[in-house]
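The letters A, B and C name the chains in turn, as written, and every chain counts its residues from 1.
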């Protein structure tokens, strides 16, 4: 299996000299093509930051990030072409409120990939159809439910035909009723072979869908294993403690 | 009608006639009727008393003669209405330029490119200066001062505009554009900064460049948000156009003032005020309506 | 609820009662005319005692407050220093003051703008003089003394500018004309000349001069003496280089604008001032002052209508 994404010894801190907070501490991770990796851990453990670093939204202080073996984390490198290849979906959807759903989806393809409008719209409608949102094409984000908005956000990312998808706690802000429809979309993407890295609180889903689960605490990947192993027989006490708390709160 | 069965511990409500009001609705309706009556009585009483007091006071005939003279009003109002066109024309010339130049200054102020740093400095100095100096001084400096340099001669022609290079009809509007762009630039800046970082994150992660993000995602939202304060600034501009009269331009205020000087009567000034109000009051209501609508739409994220 | 309504009605009645009847209060100081010891000589020009007349009628007891423009220009006031008595209006004002019994430190000077004075908005003086033309409209809000000078309107423009070929009033129609707001000059433009292009009305004579200097207008209409001053004085003294008076206008039954001292409406001091002026005229003092200060400012060809 070829390695799609390789994160090597990445360091990231926030804040100035006297208040430096280390957010990612010697983080290393390999994601193979078509693999799904789930990041789990408490809030503030560094999951979101890691995803934003992969996407180059945040610069890393040290270490390397390789995409298809090429270092994309070189300081000063033009990030735009790389971000085209990586799709990201956020917890707060981040749809553009002043544009229709269709326009949200076609903005990237027309402006960045330079497709012509008709082509981009056709492709967008096709994607929307696949996720049962075709009738919402002319609607505006504020007219959609949370679940619909998140699915549109995923479609928007997919419209760029990314090689890798990053999903940052995409169901955390959703009504439990709506969570299911988004998870279905993610399942479909997995079936189609999309390489994905997800940060999630949905343990059951993580267990079902991932090839690899990484547990983060205080910016360090403490344990990294296939789901059956990590969820049933966690090695580290911290992992155990975390999973116990999750089970106690009824989320597993 | 079901009985209250207290003994068994269950309570059933008396059944209602369909269409009848609930107890609370009844009470609310009674109360509302009472408040309306009180409000009406109170208003009529207050204004009635005020009216009687004012019109019976010893000074009223004099005030009426000087400020609310009917013949003067009849004579002056149509003439002044004609001069309103001068103000309106000047306003229409300034307004679009202010929007454009204000946006340019705002963008210069926000630029992060080190090569463009002098632009940033320029924009900061510009806004400080033109927001700090009273508009009337700016008009004086630009309208009289620049032609005084003696560097301008002859005529110019641009589309449908034409005139002398020294004309107050050129430098007056330029002065207003310079002054008001500073205010408008700050409004745009506030708007740009109010667009949440997550919007930029969403756009950048699609692969949009800094410029594309600004152009397609940030600015459209920023501009929509600042329309209420912008409308207020333009309301202000409509009134400040009258300041151009110091450069000699005869517009509503100057004409009213001239009539006042010649007749000693202030009614023309009152007439000019009425004319301005006839314009600005509907506009204010429009701004209020638009602001309320935006607030409803975007759930409160409107700068006003 | 009932209590609130009662309270409102009570408040209303109180307000009504309190404000209803203030017609017995008179605010103006000039309203009542019987002051202790003041002779009321009403006949003008009969050689009366102006000083006795003026007793007790000035703003401040024991001093006379005179107002003029800010700044005041030659030939009416030299060096913007009216106290010196240098200049036509400065000299005349001091002569009148002396007749009224005020000299030296008893004479105080203040400044007002032209158009606020003529609209009756200012009252911080006993009288004001700034080349005010007497006319009926102004008499509704201020009072004037008898006239002390008669001046014509004149037009001032560049020697080599668009106005250089002016020979008649009709020739002025094509020019960009300016005048000070609120003046009879501006009225003259709109009523008599009726130019093709909208004229310019400035806050003051000084602004009009600036506009001409900037070549923002082609010509100024103003009083003849003022126009001559602008044409002849150097730029450092407030004149405009390279200009000349193209002509004066023949008009009016009185032969031009009549200037009078300006007083607040129905001021009793007016009669006293008229006595003073009559005395000064009879003694030839006004002629002397006029000759001394205004001789150089009266010569200009008369422009025919067409």
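Just so we're on the same page, a residue touches a chain if its C-beta (ideal position, glycine included) is under 8 Å from a C-beta of that chain, and two chains touch if they have at least 3 such contacts.
Quick caveat: nothing in here was measured; it's all calculated off a predicted structure.
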Contact-graph separation of chain A and chain C, given in steps at minimum = 2
Which chain pair racks up the highest number of C-beta contacts?
-> B-C
Measuring from the mean C-alpha position of chain A to the mean C-alpha position of chain C, what distance in angstrom results?
-> 83
Which integer distance in Å separates the CA centroid of chain B from that of chain C?
-> 40
Centre-of-Cα separation between chain B and chain A, whole angstrom | 45
Residue set of chain C touching chain B in the complex reads 1, 4-5, 8-9, 12, 15-16, 19-20, 22-23, 25-26, 115, 118-120, 137-138, 140-142, 176, 178, 181-183, 186-187, 198-203, 207-208, 210-211, 213-217
Contacting residues of chain B [partner chain A, same complex] | 198-199, 201-209, 212, 216-217, 220-221, 224, 297-299
In the complex, go through chain B and note every residue touching chain C.
-> 34, 38, 41-42, 45-46, 49, 52-53, 56-58, 144, 147-148, 153, 164, 166-168, 245-250, 254, 257-258, 260-265
Chain B contact footprint on chain A (complex, rising order) = 52, 55, 57, 79-81, 83-84, 86-88, 90, 92, 94-98, 107-108, 111-113, 142, 153, 156-157, 160
